[in-house]
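Order of writing sets the chain letters: A, B, C and D. Residues in each chain are counted from 1.
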């Protein structure tokens, strides 16, 4: 009758690929060499995209852009685990996910160039538009999962967001609802430890994001977000669990935002070069290269070739983006609703 | 035909659309087991099951947010917010997402959802249970706003709203839920959105109103040569019907429950002042609640426009 | 390097007073007989208020009213631990808190009779107005705690809410902020297991409300909410911790809403008479009477006298409420802002 | 006197009020260490410490909600919402609580807080970074809404807003932050809320505008006999100044960035159509954004009113 313990909730962390390129064999997911190379290519492509986007912005050819540098493993690793039937609900800093899933790269450029047409992905890809209002996309993932289950579809929904987003009411309402309905949903937090200038410790007093799952009765796990195999494995496991009716999972990928928050930000105002340097050394791409080298899948030549192909693909995408015709003002009208009111028609004529 | 009150008419629209179209489902607080706090969804859980009549946690933002996700997936969710005063928590989802998903994705995704919510005053309920903040939502391109004024149009408009390819906010005047009974077809039918209804014909003054104010207006104009327009759809509102009436009468009173400043009455008046001013013989008068916080029941009778105030405004105009 | 355990979070439950009236002596808080009698009187007064409010509503003399029946221990027990300098941020179902703190009872009636003047409490009491929008009061408690700390005041803020409120975004944003700033705040959830017709299991998949504290790095504890000593003790401990800089606590009082949600509700539509009967047997008032009887503080005569005094006080409050003059329409205007715009002045003249 | 841009003027107002009154403190995302994403609060953390310049978690609703609690306790918080598009998440706190606390408690508690937020378009920023939904907030009795159009009035109005005993939404036209420089006193001064400013005198047409549209309007009317009114306070707006001008000119154009329908322009037009109609010689024209979703940068030039459109509207009126 006195003070009793009702339950105890343990929070786990998964690591597979060490900084030296060695893997924990017991935990290593089954991945063919071909798939590993493919994942590597995607990471390089994502990084090349990112570098180009920053350059284009500096040249005035793109608008404000949020770099993904350092987060490629968390993005490519999780996206690589998805099936074509799955749905993705992104925030605004998962271009590595888009790229891995084959989202047309010129459309990504187009979007960051300030053009909605870049958000019209192909019908074959179930990716909701990039979401600028932090965290507000999370309930959409919940609704999609409810719909997929209602339809008896095998789809699982992967919803992405940052550490800052976990402070938003919509994170809470969404994850709680996912827990109640035991939905086929995976929530992936790219915990890059900063929300613009606010470090994780000022974002939440919780030691991990993973433990936030406890509040919703859903499993939470932390993975080394710079370890592509840990990310892949945690995501695969969560997807398999969700697909078989086991309910949602919250995956915290602990990683780091190496670059400024956006091209409009100067991170030098609020964090030390030392901290950034420490994390540069944990570069997820180098780590995968070390592993591949050990397995005979990588040397400088491979690196150079993959890089050149990526850059060529980015070149083509930039060309495609820049040769697209200007959007027409009518598009503002015809996309606001399926039909136009008389007032809108009149406004369209005047503009 | 059957005689129905508005609760029954709305229930009938929901049941028929759910039976006709398996994309339609309901979600909200207490909509299932309890049948909704006003019994609007009574019997639907039993009939359609818990997968289609979903009792949610107490999370207005996620209710609308989840509906957006469902709609993007291809369903036709009908979300209930228990009272209009609690839609403010879902404003972000409505304005940032429901209203913009089509535009943002250039048509790749749309959000054909309906948000139903009890609306308006005169029921002596606790705070925030009598809001009429429709104008806020009428300022959101991409969302339609509808208010029925009786059982017949409630059923037809809700059916139209559910079938609409874009988001609709469906405001149900709480005071009318059980007040008015009408002949209502038992099968499904449409009352098209965007069209106002001339509730009473007249030649000397046009009174524009909607929702639960309408029957107050009809009482107020008794014995006067007044045309009464029931707006039905607030956004986009039926400019043509209003202008055509004003062209004949030359005098306008607009009546709404919401506070005066920046209410929908302002938009109607401004539209007339731009497009119909040459027909005007008198100032445009708005009869509305004063610009104060909506009071609790003891003062609500002093706050809501009543027949006397409306009558005075009409008489004042008839002197011009 | 493989899967490691980062931390483990245990959730505890506190019980002191058994259903038979026995207490766990080791945990029993130090309370003089006088204070125990006082707490008992407050419980009886709260119950008498509640019964009368329901009657008045049935007679058309009060508006819709949310009964507190069954929750008196959770309310009187927690409020009894507060100091005069502390602040209270209520939801709409803590009239037992108001009464314990000496809030004028006729004003409570006045409020539930549809009159804002009932919310104007005495200056000496730091109680925010009753809050109808579920959960939205929680950030106010956070702000008050920030202000009190900034002012170096010893005040702690007690914020009350129901189980349903824990699903709202404002619960999350508020508690997270309280955690980050380690505020002098106590969050008291009256978990009465229902939110209108939604049972706890459909409100959240978390087994307890207490464990939601894990998400914010703040301590959470469950107490038997029908055990006034457990509630008192947990609240005292949390207040003391908060006052000495130890940060916030989330206290889950597990109790039960015996009556309908409000006088406008019919709980028979969604829950079984059996369930209600089970909880009627756990009546917190009976339990305290049994304890007091064992200690020689209670017998039928004491019960009758306390009850009669309570009813007499309620009678006086009803009279005071009903003899208050009608509010004037001008009050709508003069209370909207400190000053009136010309338009408002004109509107006031017309009305 | 010093020459300041609007960022500097606002920073100066904040610094002075904080120095003068220890009840004043700031909270918001990135307002401390980073000095605000537009550097509006630069240097204030260093000067006043982390207890008064508070970097919060990413929680708009709790930022405003906490400010309400602070205000109820007797402080004078100034909350920043990083962009107006993110105030929607705080709408519930603003409308349900900030606006109503005084009324609800019959004066026992008040909420003397300021919510500052960058406002308006023309900066080619990402989605939701260019909102101008002021009309929504002007429909909330109990909250004042203010928009400065230059550094001088920005400082004086913000000072007045901070000292006001009720909640004020202070909208900072982002496009103007560094565009306009003016002589601004270094010490504190007030520009009273509720008073419009005649930005340019003229006799044939009245143009009413505010915020970043103002300089576009001034360009547009060059060479015309137009009076330009800079509203400054949007709620409650200065009816008298507007009506007095209209009484002289008989012609009105209202210009705003927000979409036409249910924008604040509607309220101004409706007010004139009721109280000043006898002076009107022509329809009241509103020049506003069309009723569509605010586009991303590539189309924003086609969306926002420009000098050509405003000029055409003025010329059209001058023909009456």
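The rule is simple: a residue touches a chain if its C-beta (ideal position, glycine included) is under 8 Å from a C-beta of that chain, and two chains touch if they have at least 3 such contacts.
What you see is a predicted model, and the numbers here were worked out from it, not measured in a lab.
Chain centres computed from CA atoms place A at the largest separation from chain B.
Here the spacing of chain B and chain C, counted between their Cα centres, is 36 Å.
Centres computed as Cα averages put chain B at a distance of 30 Å from chain D. Per-chain CA centroids place chain C at a distance of 40 Å from chain D. Residues of chain C in contact with at least two other chains: 116, 133, 136, 167-170, 173, 176-177, 180, 202-204, 331-332, 335-336, 341, 343-344.
For chain B, the set of residues touching two or more other chains reads 56-57, 59, 61, 85, 89, 92, 96, 103-104, 127-128, 141-142, 236, 261, 291-293, 295.
Viewed as a contact network, the protein chains are fully connected, with every chain touching every other.
Across the complex, chain C meets chain D through its residues 87, 89, 116-117, 119-121, 123, 128-129, 133, 136, 138-151, 157, 169-170, 173-174, 176-177, 180, 331-332, 335-338, 341-344.
Interface residues of chain B facing chain D in the complex, by the touch rule stated above, are 85, 88-89, 91-92, 95-96, 99-100, 103-104, 127-128, 133, 135-136, 138-139, 141-142, 235-236, 258-259, 261-275, 277-278, 280, 282-286, 291-293, 295. Listed in rising order, the residues of chain C touching chain A in the complex are 1-16, 18, 24, 26-27, 167-173, 176-177, 179-180, 182, 202-208, 210-212, 214-218, 222, 247. Residues 29-30, 32-35, 37, 55-61, 85-86, 89, 124-129, 260-261, 290-293, 295-299, 302-303, 309 of chain B are the ones that touch chain C when the two sit in their complex. Those residues of chain B that touch chain A in the shared complex are 25, 51-52, 54, 56-57, 59, 61-62, 64-75, 77, 92-93, 96-97, 101-110, 141-142, 144, 164-166, 194, 236, 239-240.
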